[in-house]
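Both complexes below contain subunit A, partnered by subunit B and then by subunit C.
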Partner chain A sequence: MKVRVGEALLLIGFLGITSTLLLALLWAPSVSLDAFESPAAQRIFYWHVPAAWAAFIAFGALFLGSAGWLFKRSERMWRLHVAGAEAGLATGLITVWSGCVWGAAEWGTPWDWSDVRLNTFGLLTLLAVYLVLGRASQPDGIETRDTFAGFGLYGFVLVPFTYIATRIWAIRHPGPVVATGEEGSINGDMGLVLLVGAVSFTVLIIGHMLTSMLITNSEQRLLQLQRRMDGGGP
Partner chain B sequence: MEGMTYLAVGYFGMVVGIGLWTYTVVVRSRRLADRLDAMEAALDRLDSGEAEQA
Partner chain C sequence: MANTMLEVDRITVRRGMDIVLSECNLALDGGQSAVLVGPNGSGKSTLLEACAGLLTLEQGEIRHDNIAVVRPDGARAVSTTLHGLTLQRNGAMGSETIEEHLRTAMSSVGRQTDLQPWLERFKLEHRRHDLIAHLSEGQARKVAVLAGLLPAFVAPSPGLVLLDEPTTGLDAAARAQTLTWMNELTRRGHALLVSSHIEEVVQTCTHTFDMASLQLQASTSPPDSGEPTSSLQPVATEPLTTESGGRFGRRQHLRTQAWLSINGVAALLTLGVLLVLGDIETSLSASQTLALMLAPAAAAGLVGEAMASLGREERCDDWRLAVGLGTAHGTPLIAALGAAFTLLAGIALTGGIDLRYIAAGAGLSAVVAWSMGFLQRSVRRLARPQAVFVGLFTPVLLLPYALLVDWLA
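Moving on to the complex of A and B:
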């Protein structure tokens, strides 16, 4: 049986994120009991942060794909747009779900409508929902693609906005612990589990995007063959 | 312990979710590849049949 690169990366990534889960639950050191209402729930951080990182990669791919389709009319870039939207939806939902689980334990509520980062990230995930469901329900065509690519392009504005939100408005979402420009608040073992999680989620999302691009390519090829069979084209 | 149980349930939900998602992506890709192969084979047969008739 032929195993493709994308599928192999998906499998490796999945094993990696499952290992991260085990490391987070069984090996990563506990945090100070005074610093958190629910110290055990803090362990969800080892999935939440890498999932958010992978979501930013996916939304970056969505932006590139959208720009490539709008300005170059490239089929490959359209496939990247589709892959970025699907990957962004999956990782966005993981980030939101893990954040809600943590928020419910730590804050007593799964969502805080006054927090900028939560809401901008929620909007990003909703954008991915719209793009994925919209593509599934609309016939493929240049106008449809232009509309979705336009949303993908302008929606990307939310990515840097979300990234800097807790640096500017520290409302309820915890501030950054990595890439802060100074010594972070996580120790070596915590950093290692976080790194395993980040690498695993990156591999998983690249695997997904490669597989998704292959799926879109196959769908387009099938459509061409169908037209040829019906005698309507080359 | 209650906190760990709550967390394990939360994590379990996510693992199952990602596992199902990964599985459906792979299955979708393979089914499409199979359909593509079958369609190409059918077209080849059609083309060779037309060539013989000609």
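Moving on to the complex of A and C:
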């Protein structure tokens, strides 16, 4: 049986995130009771942050694909748009779901409507839901692709905004823990688990997108064959 | 020498997965009329709608009187040369009266005339004040044809008129009258681009444009020019202010009561829920009380802009967009609802009136309704706009609501 790169990465990534979960639950050190209301729930962090990181990669792909379709009319870029939306939906939901569980334990509420980062990330995830469900509801065509690619471009504006939201407008969500340019509060073992999680989610999301692009390509070939049988397309 | 009113410069247009027009060229001078001929699906309506600026071009450019109105990068300019448009759909909301719709059409060129003689020739004078929804299909089509021709008759200078199947659905007398008017407009120096299968229309036009070869040819049997051009009487006109989308939208909101039945009911239900909670004010913080006070205003906006869905009727929004009239909206009415319900909620919760909160409620409902209207219209190009889920974005519109509450509290 021929194993494709995408499927292999998907499998490796899945094993990696499972390992991250086990390491987070069984090996990562506990955090101080003084710093957290619910130290046990803090272990969600090892999935929550890497999933958010992977979601940003997926939304970056969505942006590239959207721009590539709108400005270059590239079929490959449209496939990247589709893959980015699907991967963004998967990782966005993991991030939102894990964040809600953690928030309920730590803050006493799963969601805060006045927190900018929560809401902008929520919007990104809803955008992915919208794109995935919307594409399924419409016939493939230039009008469908242009409309959804427009939404994809708009959505990307939220990515840097979401990242900096906690720096300029901190209400409830904690600030960034990576790429802050400062020495953080994460010790060596915690950093290691977080790194394993980030690498695993990155591999998983790349595998997911490669597989998704392959499936979309097959769908497009099938449509083309159907149109040829109808006496229409080339 | 007559101006070139329409230049189609190597345009390629895709619809769905098909390239419907490929590298199509066409130039039309004032005083020329061209009929697009070809079988169903050959791209006649696509070319006409592209010329009206309603479609996105893959390549090429469309110019009206030497001004680029559609470019492939998506840039558009409002055409001041387009003096009339009749789409395959009638482009009118059912809640407009005949007179209102024709005045709206004429307002796109800033002039108006007495409608009586025009309506008499189409046997519509007795229906002048009737809603378009109450007309038969043929009568509604007559109104759409008049809305395409009248602005050109009253315009101060010649321009471009686009007519998609203007005689389809008309009786013999109305068809003959339409052809007479088309002929007269050509002799007055207007350029007409017409899509039709009807032989009489082909014989009325000075040129034919074959959709298979994409070639413009002078008609082999030029139309009877009738009386000399110099004998044509100018149409008596007077100035007419262009009707903005806001004014049009408010009128339709008030006519249909959509602002009350959609936005008002949402606010009322939210207020009702607050009242069911009873005397809770004493157990709430200031920000919680304020959040509840503004909740009806937020709900009024969150249910969306009725004009966005009503504008899809008979492609009314598209028609207004093409002829340069603004998008219909009723934001001020929804803002008024927001203010009124914030006042009521304030009285119910605190027993007092605070003008700052009432202003905040008005602003909140206006911003949220406008955002929802924008989202609803952003999917207008889709084949099935009702089947996509713009409502998914609704929860995020709670962010300005929450921030406003935080700020005010």
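Points to keep in mind about this one:
One rule holds for everything that comes next: the second predicted complex is superposed on the first by the 228 of 234 C-alpha atoms of A that agree within 3 Å, B and C clash if a C-alpha of one lies under 4 Å from a C-alpha of the other, contacts with A are read in each partner's own complex, and residues count from 1 in each chain.
The criterion applied here is as follows: contacts are C-beta pairs under 8 Å (C-beta built on N, C-alpha and C of every residue); 3 or more make two chains touch, one makes a residue touch a chain.
What you are looking at is a predicted structure, and each value in this text was computed from that prediction instead of being measured.
Here subunit B and subunit C are compared by how many residues of subunit A each touches, and B touches more. Of the two partner chains, subunit C is the only one touched by A:134; subunit B is not.
In the superposed model, A:19 lies in contact with neither subunit B nor subunit C. Of the two partner chains placed by superposition, only subunit B is touched by A:90; subunit C is not. With both structures placed on the common chain, the touch criterion links A:212 to subunit B but leaves subunit C unconnected. In the superposed model, A:225 lies in contact with subunit B only, and not with subunit C. Applying the stated contact rule after C-alpha superposition, one finds that A:116 touches subunit C and leaves subunit B untouched.
Once the two complexes are overlaid on the shared chain, A:143 sits against subunit C while remaining clear of subunit B.
Annotation: subunit A has no residue touching subunit B in one complex and subunit C in the other.
Contacts from subunit C toward subunit A in the complex involve residues 14-18, 56, 58, 378-379, 381-384, 387-390, 392-393, 395-396, 398-399, 401-403, 405-406. Every residue of subunit A that touches subunit C in the complex is listed here, in rising order: 73, 112-114, 116, 119, 122-123, 126-127, 129-130, 133-134, 137-144, 146-147, 150-151, 223, 227, 232-233. Looking at the complex, you find that subunit B touches subunit A at residues 3-4, 6-8, 10-11, 13-15, 17-19, 21-22, 25-26, 28-29, 32-33, 35-36, 39-40, 42-43, 46. Considering their complex, residues 4, 6-7, 10-11, 14, 17-18, 21, 25, 38-41, 43-44, 47, 90, 93-94, 97-98, 101, 105, 204, 208, 211-212, 214-215, 218-219, 221-222, 225-226, 228-229 of subunit A touch subunit B.
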